[in-house]
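Structures for review follow.
Two complexes, one shared chain (chain A), two partners (chain B, chain C).
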Partner chain A sequence: MKRNDYDVIIVGGGITGAGTARDCAMRGLKVLLVERHDIATGATGRNHGLLHSGARYAVTDQESANECIRENMILRRIASHCVDETDGLFITLPEDDLNYQAKFVESCLAAGISAEILDPKEALRMEPSVNPDLIGAVKVPDGSVDPFRLCAANMLDAKLHGAQVLLYTEVTEFIKEGDMVKGIRTFNHQTHQSAEYYAAITVNAAGIWGHHVAEMAGVPIGMYPAKGALLIFAHRVNDVVINRCRKPANADILVPGDTVCVIGTTSTKIPFEECDNVRVTPDEVNLLIEEGAKLAPALASTRILRAYAGVRPLVSADNDPTGRNISRGIVCLDHETRDGVKGFISITGGKLMTYRLMAEMATDLVCRKLHVDKACETATLPLPGSERKSFKEVAEQIWENPTTAQKATAGRLGTGAARIKDTSPLGQSLICECEEVSVGEIDAAIQRLDVSNLVDLRRRTRVGMGTCQGELCGCRAAGLLARAHGCTERARADLKDFMTERWKGMYPIGWGDALREAEYTQWVYKHVLGV
Partner chain B sequence: MTLQEYTASAHNFEECMKCTICTAYCPVVPVNPRYPGPKQAGPDGERLRLKDPYFFNKALKYCLNCKRCEVVCPSGVKVADIIQAARIKYDRSKPKIRDRMLAGTDFMGTLARPFAPIVNGMTGLGATKAVLDATLAIDRHRTFPKYSAHGFEGWLKRHAREQAKFERQVAYFHGCYVNYNFPQLGKDLVKVLNALGVGVQLLEGEKCCGVAMISNGMTREATRHAQHNVSVLQKAVDKGLTVVTTSSTCTFTIRDEYPELLKVDNAGVRDALVLATRYIYQALESGAATLRFREDYHARIAYHTPCHLEKLGWGLFSQELLKMIPGVEFILLDSNCCGIAGTYGFKKENYEASQAIGKPLFDQVEAVNPDFIACDCETCKWQLEMSTGYTVKHPISILAEALA
Partner chain C sequence: MRFDTVIIGGGLAGLTAGITLQEAGRKTVIVSAGQNALHFFSGTFESTEAERERITEFFVRAGIPVHFQDGQRLMPAGTFRPAALSLEDVTLFPQTPVSSKALIVNFSGFHDFFTAFLAEGLEKNGTTCRICTLDLPEMEHLRLSPSEMRSVNIARVMDSCWEKAVADIRVMHKDEDLILLPQVFGLKDASIPGKILAALPARAAFIGTMPPSVPGIRTQMQLKRRYEILGGTFLMGDEVTSAAIHDGVVSSITTRNLDTSRIFGEYFILASGGYFSKGLAATPVQVVEPLFRLDVAFEEDRNGWYRQDFFADQPYMDFGVKTDADLHAVKDGQPLKNLFAVGSILGGTRPDFGSAAGLALRTAFAAADAITTSKPQE
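Up next, the complex of A and B:
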């Protein structure tokens, strides 16, 4: 094999691509993953971070519901450091039909999801922030999952199994020989260099952008971009996921994730041109607050950190050219049998929850084509960091009397926290004060997790994700990056991009404390730091 | 309520803008690297604790609860309250015997007073100090305040009839220190108020305000005291009485810590409780009364504002009263915590930090070289007397000795 020859090329560095790269690499394939931006920049990093129990789909889609609960239980085992086992409530409010509850519970049980009807008072005790007017509640095994961490851990494990990962590398063209995809031509946005890579199979795992990737390969996939907007609140209002027990609708899920909670989502069809720059509108913000406050009234008076939106990669069923019959299920397309294009498959649709199953399906197909006979092990082998169940155990094992920052590090990295050896006062000093991220943790991320700029760093460490939204940590982290890359100018430009990206999310919710903080931050950056 | 109507969050800790001025002003941060500072310990830590109580950091015990962070916060964040509330909510460690002893000012006072000469002799001995240091970790440099053989309550009861003759009346929350250790301050207050034409009466059975219990993790006991005191104060308020005090910390605790930390509703009595210097200043300022001072009184006085008095914003009243006395050369010392913070400085593990915090203040006192120091707080008094060698007098006592 030549240097640029691989068994399989995976296009897309979201959770599906990362999971597929891990699975392929674990089955002994030589893997290349290319991503035109950073990991988790699309829908992977722009959702609730909900570890679905599947209950939400139980009434309408038993198959998805069953996939969810199985993957839910698997992720608790293999990705414990990314998962928060919070449980979830499906509440019925006075305006909802309580009769739906019986059907809901029945459907959950049929799909294999435990669903326990609670007395409203008991639900209030379990989750004090829930709307006290509730007339019914069902407890299900929902949870929350950190999609950035999950994606980074999959990517890391793929690399530990020999995969090569090229970020900021965009596919510009497919190299084809007749009806056979032989490889890709790429352009690297950082080095501005083009290259060619060859593989027996290329996997399109590019989410909504997979529509264009497939087009480039000469096959049509009817995808429908559906924007979903969400709001992040500045602290955890709830410790239990709160859903509405009714037919799925807008803004009816409130998920506690790490130090914040997230309300969402909306669903609006948008043109493909907008996928690269989705914005949250004032109407969406209003709807999210209004509906969110019905789940947990405290949201009406809780500080909002930012708004964001992602684009779901919905796929219309093949037999329905009108696109009306849209499935949210997993779509794994063998373009050889479907379109007569060999060496090319697409894995799309699905959800964050079912990424592992999607990866398994895609990898199974790749292996069949390559005549590789090795079973999938991703459901049993833990991701790096998740070798131990409890982050508290991890923290107590590494450090005697761990500090708050060390506890937070163990929470983020799981067993990977043991790699942060810098115990000097400098290494322990904080870069991000809101989320308690130390210099040592940042340095470790820069060395190990393919960080080329501050936004990348944020996705891997939570730097800038706290209340101050980069006010204190941005410039400090830029300093560390400048040291690592040996270039101050680059770090300066990078800092500007980072803050602009932070402000983008604050703009739609620019009032009250968030506005005060943004003004203060602007003052710090413009007048104190002279940026 | 309209959605997001109040643009400021209903959750006080979310109003923190991370300006970090609280940490810059915290007296503990420069002297104790183990303390994460008020911003980290307060609003920042709160988000993590809400995620999981596991994130509670025991180092929060290093907070003096001096409230300087709250005085400087431009966003009105109750930083120290957040820290103390977190200690109450999450700290599962039980108070040590030493902490119970230090916090139980009422109990210890009742126990020790009948044997005052013996107890005072004992606690002053080097050998006793060494034993306390070794067994209970009460620092050997500290001297316990002396107990008075005769309590203030008894004294005032004996003078109740003559006090009742005054047309205008106030009730007096004297606190443990005046009752058990230093009745003279109470007597001085009676003298000054009588000179204003005001009679003084006791409350119907006050208890220790509980500040030391709060800071030593004895929340349940403190809450019981708070409920008792509020009901006793309410009786005085119902009679139309203003309740005056001489201890700035007792005053602050009853007014602000009861509702904020102990969740004891004091709305009915809060405004009726005032520091005596404020009461007197306002009486003089309004022209309702006058005081005549000795003509031969001369003193160079350096005034130290206790932290809790700064939080109340009432230091000005004590200062202005002292300035009214002819023959007083008044020097206002720089705003600086003395470092004792009630029982904090008595603990062996805090001794060095305590002295380091107060050092700039001690140095300034020496540079100023006053005849004596004036201060409204009894624990500041112990600290300043021990650390500078200068006598510390309460402004009320100074007024009393300057009266004609």
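Up next, the complex of A and C:
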């Protein structure tokens, strides 16, 4: 094989691409993954971070529900350091039909999801923030999952198994010979260099952007960009996922994650041109707050940290204008049998929860085509960081008397925290005080996890995700990046981008304490620091 | 309790009004919630071209030597900005390159002083830089806790052992003609920065850090001391809870700490600051002044409050309390006869007074002047 020859090229660095790269690499294939931005920049990093039990889909879509609960149980094992086993409640409010509950429980059980009806008082004891007016509650095995961490761990494991990962590398063209895709031409946005890579199979795992990737390869996939808006609150109001027990609708899931909680989502069809720059509108914000407060009344008076939106990569199935009735099911397309284009497959539809299954399906297809006969092991082998279960256990294994910051690190990195060798006071000094991220952890991320800028760093370490939204840690982290990359000018431009990116999620909810924080931050950066 | 003038807010505007009134022999009280914008003050005031002499003398009388000088100041991010009125220990540079060789000194483990940015900014302007770090045993206890290496904590240590830092810098220094240090000196004793400048082997300059600002806190303490020496009553850590208004005249206020006893005044000055200080409060649909429910100038459509560029001038910062020409605050369309609004609560509604520090100082003077020149109400 020549240097630029691979068995398989994967287009897309979201969770599906990362999972597929890991699976392919674990089956012994020579893998290249290309991503035009950073990992987890699309829908992967722009959702609830909900570890679905599948209960949400039980009534409307048994197949998705069953996929969810199976993957739910697998992720608890293989990605324990990314998962918070919170459990979930499906509550019935006075305006909801309590008769739906029986059907809901029956459908859950049929899909293999444990569903236990609780007395409303018991539900209130289990989750004191829940709306006290509730008239019914069902407990299901929901949880929360950190999608950035999950994506980074898959990417890291793919690399540990020999895969090559090229970030900021965009596919500009497919290299075709007759009806056969032979490889890709790429443009690297950092080095401004073009290159060609060849492989027997190219996998399109580009989420909603897969529509255009497929178009480039000469095959049509009718995709359906559905924007979902979400809000992050500055406190972990609830400890248990709260859902509404009714047909899926807007803003009816509240998920706790790390120190915050997230309400969502909406569903609006948007044109493809908007997918690269989705913004949250005031109407969406109002709806999310109003509906969210019905789940947990405290949300009405809780500070909002930021608003964000993602685009679901749904595959059009019918003419439903809301996009809610399209199956969240997985779509794995062999373009040879479907469109007569050889060496090209698309893996799309699905959701964060089922990424591993999607990767398995895509990899199975790749292996069949390459006549590779090796079984999938991703459902049993833990991801790097998840070799042990509890983060306290992990922390105590590494440090004699772990501090809260060290426990936070172990929570983020799992057993990977052991790689943070710098235990000197300097290495332990905090860069991000909201999320307790140390110099050592940031240095480790820069060295091991392909960090080119502050936004990348945030995805891997949570720097700047806390209450101050980067105001204090942005400059400090920029200093560390400048040192690591040896380029201060780049770090300075990067800091500006980082603050503008943070602001993008702040101004849609720019009132109250969020505006106080913004006024302070803008004042400090402009007039005190002179950035 | 009864005062000539009741001042709400203990930041630059409130203290300036209080000091000016005390100097004129009035009996005043300041109700201060605590932290204010002075704690982030970088040591230099922008846009204070007008009333130079009055401002300079005001600070000098408070024991805060300032100088008016045209020049550039070196910002913490390594950029240059024009400056006018500055604290004495803020170095202004008349031109670039500011020197041929500079030594940038930091404390090891202090992440809030951006040496790399400073070096890059200077080198772009023709100055060769060398970065050194100081490791004093006196700082070890700060390092034990991962969040203690912050400007004010270092300054507390430096108040007693700045001479050791100077001795170490003298060893590090080679042939540089400029030494840059973080602003972490002289928290309590304002004379320390001057002593350091005199003791170093080359010209030196103090450059800002991430807030809180050591010279800012020092300035605030000095102004407060001046106010109290003049006989002013400073209610620290208290908050105004209600105000009584009758026939367009404010008669009294209550505060959290004083519970039911009211503070009466002939005049009232509202210097409660912008959003951060809670002088203004934004809800999803409006911007309000929460205490007196004064009229606020703001844009109705929230979409118009912000610019997408974080570094652009943000329209929400221009919103502020409406006043008449003499700074009487307006409520329900009518100016209140004895309530003045001063400082950043005005936002950008009074561009005639300059921005930020200029606005605070000059509106405070104007309100104090209006009070001292008017006849006592009977």
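One rule holds for everything that comes next: the second predicted complex is superposed on the first by the 521 of 531 C-alpha atoms of A that agree within 3 Å, B and C clash if a C-alpha of one lies under 4 Å from a C-alpha of the other, contacts with A are read in each partner's own complex, and residues count from 1 in each chain.
To be clear about the criterion, a residue touches a chain if its C-beta (ideal position, glycine included) is under 8 Å from a C-beta of that chain, and two chains touch if they have at least 3 such contacts.
As the structure is a computational prediction, the values presented were derived from the model and not from experiment.
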| item | value |
| --- | --- |
| Touching partner for A:W511 - first (chain B), second (chain C), both, neither | both |
| Partner chain in contact with A:D258 - chain B first, chain C second, else both or neither | first |
| First, second, both or neither for A:R303, with chain B first and chain C second | first |
| Partner chain(s) touched by A:V451 [first = chain B, second = chain C, both, neither] | neither |
| Contacts of A:T467 with chain B and chain C, given as first, second, both or neither | first |
| Touched partner set for A:R476, first chain B, second chain C, both or neither | second |
| Touched partner set for A:V311, first chain B, second chain C, both or neither | neither |
| Which partner, chain B or chain C, touches more chain A residues | C |
| Chain B versus chain C as contact partner of A:L231, first or second or both or neither | neither |
| Touching partner for A:E433 - first (chain B), second (chain C), both, neither | both |
| Where chain A meets both chain C and chain B, residue numbers | 286, 403, 425, 430, 433, 436, 472, 511-512, 515-517, 520 |
| Contact footprint of chain C on chain A as seen in their complex | 282, 285-286, 403, 405, 425-426, 428-431, 433, 436, 438-439, 472, 475-476, 478-480, 482-483, 488-489, 491-492, 496, 499-500, 502-504, 507, 510-512, 515-520, 522-531 |
| Touch list for chain C against partner chain A, complex | 37, 40, 42, 46, 75-79, 81, 108-109, 111-112, 114-117, 119-120, 140, 143-144, 146-147, 149, 208, 210-211, 213, 274-276, 278, 281-284, 302-303, 305-306, 308-311, 314, 316-317, 356 |
| Sites on chain A touched by chain B in the complex | 234-236, 256, 258-259, 286, 289-290, 293, 298, 300-304, 392, 401, 403-404, 407-408, 411, 425, 430, 433-434, 436, 466-468, 471-472, 511-513, 515-517, 520 |
| Of chain B, residues touching chain A in the complex | 1-11, 13-20, 33, 36, 39-40, 43-48, 50-52, 54-55, 57-59, 75 |
